Amino acid sequence: MPAPAAHPAPAARFQPQDPGFAARCRDSFARQKAMVLIGGTIAELQPGYCEVVLPFRDDLTQQKGFVHGGIIGMIADSACGYAAFSLMPADCSLVTVEYKINILAPTVGERLVARGEVMRPGRTLTVARAEVYAEKDGRSVHCASMQQTLMMLAGRSDRPD
Amino acid sequence: MPAPAAHPAPAARFQPQDPGFAARCRDSFARQKAMVLIGGTIAELQPGYCEVVLPFRDDLTQQKGFVHGGIIGMIADSACGYAAFSLMPADCSLVTVEYKINILAPTVGERLVARGEVMRPGRTLTVARAEVYAEKDGRSVHCASMQQTLMMLAGRSDRPD
Amino acid sequence: MPAPAAHPAPAARFQPQDPGFAARCRDSFARQKAMVLIGGTIAELQPGYCEVVLPFRDDLTQQKGFVHGGIIGMIADSACGYAAFSLMPADCSLVTVEYKINILAPTVGERLVARGEVMRPGRTLTVARAEVYAEKDGRSVHCASMQQTLMMLAGRSDRPD
Amino acid sequence: MPAPAAHPAPAARFQPQDPGFAARCRDSFARQKAMVLIGGTIAELQPGYCEVVLPFRDDLTQQKGFVHGGIIGMIADSACGYAAFSLMPADCSLVTVEYKINILAPTVGERLVARGEVMRPGRTLTVARAEVYAEKDGRSVHCASMQQTLMMLAGRSDRPD
């Protein structure tokens, strides 16, 4: 599904180390069973950029009927993570060190879109950001912003030991 | 289920405004469908303190088989939120403004326990913290720390409009 | 002093409530004695945007000779704060609720520039971001990113009580 | 200067790798010219714990006469940093990756005390926290909380290159 015109994917700023980055990221994402549980998918993937889409479901809500803040954090976390992972070498693993998220607006609509982008790639640490938008009736509302730090573990498998 | 002896609930520091805080919090939590989806429950609730327990499930994991960082954020978010909500008047709603979480260790084990505690209650804003522990084979590993800001909306219902 | 071409001030996105916002912000900033101490000044001010410039000084450094991380936080804090304050009504005060900052690179150079911008203005809470750049030999290095929450106190003076 | 009884230094939880940690930390702190500028000193140092004291000065204030939020961040940053540095080997350098701070109360009084403590020491990354208190007329008010991530650079000097 194409990104809404209002928020196009950023122009390519990064050169991937691993030419097979796209398949590697999509394969890793597909092994995130928690993403399967909530219904999140990768809608767009470029070097240093990842967009995760989450269709609204009633079982993702908190007590007032909005999407749970932790669910918003989940898709923003994964969008940042795969934006960063796309720039890594083939033979490594990536862990989330920490993230901070501001919830900007109650989250309602047909679907959420989390756009993760690398701000600062690094040999050990990478800093990324994600913006989350709620799409409803053709409009897009900015509902959350994340700033995240990730650490690469060189030579470690991205699969269960 | 009692808290493990290693991490007892803190001594009561706060006086609730609403004597019915416990029923109000548990009722609100029960309406968080996202918590039902992942299997989180309130194990302990006191004024300014809330403990959320999450049994390990394979469908909560990320690509390496650890519990997804966003899932850890979800239970820490709810533990902080209900710690704060317990100190509020009966007739209000509470929203998460922002949170920051450090993932301290890979999360494996039989269950996770998120202990949320109010640091600074306020008329408008409340600051809370949560520690998340993974319990395995009778041991408890500190796996995440959250610092969170919440805002009370006076006179607003905690239910869908 | 004009902003370097590489990082122009953003296009105006906001309409100020107070037509006298610029004088009000500059007057308030001038009363920040801590800014006078370190030598920070406002280089650019627009509705929702504020740029603080800090010439390098040896007495602002940490043990390795880089600008102290807390000093970087100070100018980013003020850049966000006055970006937000520019959108407020004349008769209010603004307080920092919290901020998170990533230090992206060691900070050396002739001067630092912190560019603060409002992401989400609100009646009570405003969310802003700042990017800090170190300028050296005509080059600009991105050295820190801040995400901040501020709270407006309506009808409260911006001066000492 | 002894810690006020209300907030004693925590019981020793950590074993230092470097028996000369105290002299090494105090020497490094003394080279932070920015700390000399604002008047901060180490009042207490133990393995994994550091207390920085800052006497109130009029030139450290913001526009309302409270201590500038960035100054509070500075002493909390240094308290966390030296808490972490105390646990490091003699031959290394330490950098701040990021921090998040909540300002809990306006900061007035005779002096500020920032108590930094390591939560999770690590080979590469260490997570620390600081609480900042304002002392006035024999009372202590909790005015800020920081959560911070630091990275050790093995074999790198803590002095200017």
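Going by the order they are written in, the chains are A, B, C and D; count residues from 1 in each one.
To be clear about the criterion, contacts are C-beta pairs under 8 Å (C-beta built on N, C-alpha and C of every residue); 3 or more make two chains touch, one makes a residue touch a chain.
It should be emphasised that the depicted structure is a prediction, and the values quoted were computed from it without experimental measurement.
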* Structure fact -> Chain centres computed over CA atoms; the one at greatest distance from subunit C is chain B
* **Chain pair showing more contacts of the two, A-C and A-D** => A-C
* Asked: From the C-alpha centre of subunit A to that of subunit C, how far is it in Å?
  -> 29
* Please work out the Cα centroid separation of subunit A and subunit B, and write it as a whole number of Å. => 24
* Centroid spacing, where centroids are CA-atom means, of subunit A and subunit D in whole angstrom -> 34
* **Where subunit B touches two or more other chains at once, by residue number** => 97-98, 100, 102, 149
* **Complex contact set, residues of subunit C against subunit B** => 97-98, 100, 124-125, 127, 149, 151
* Asked: What residues of subunit B sit close enough to touch subunit D in their complex?
  -> 100, 102, 104-105, 119-120, 127, 129, 142, 145, 147, 149
* **Residue numbers on subunit B that touch subunit A, as the complex places them** => 28-29, 31-38, 58-65, 67-71, 73-78, 93, 95-103, 106, 157-161
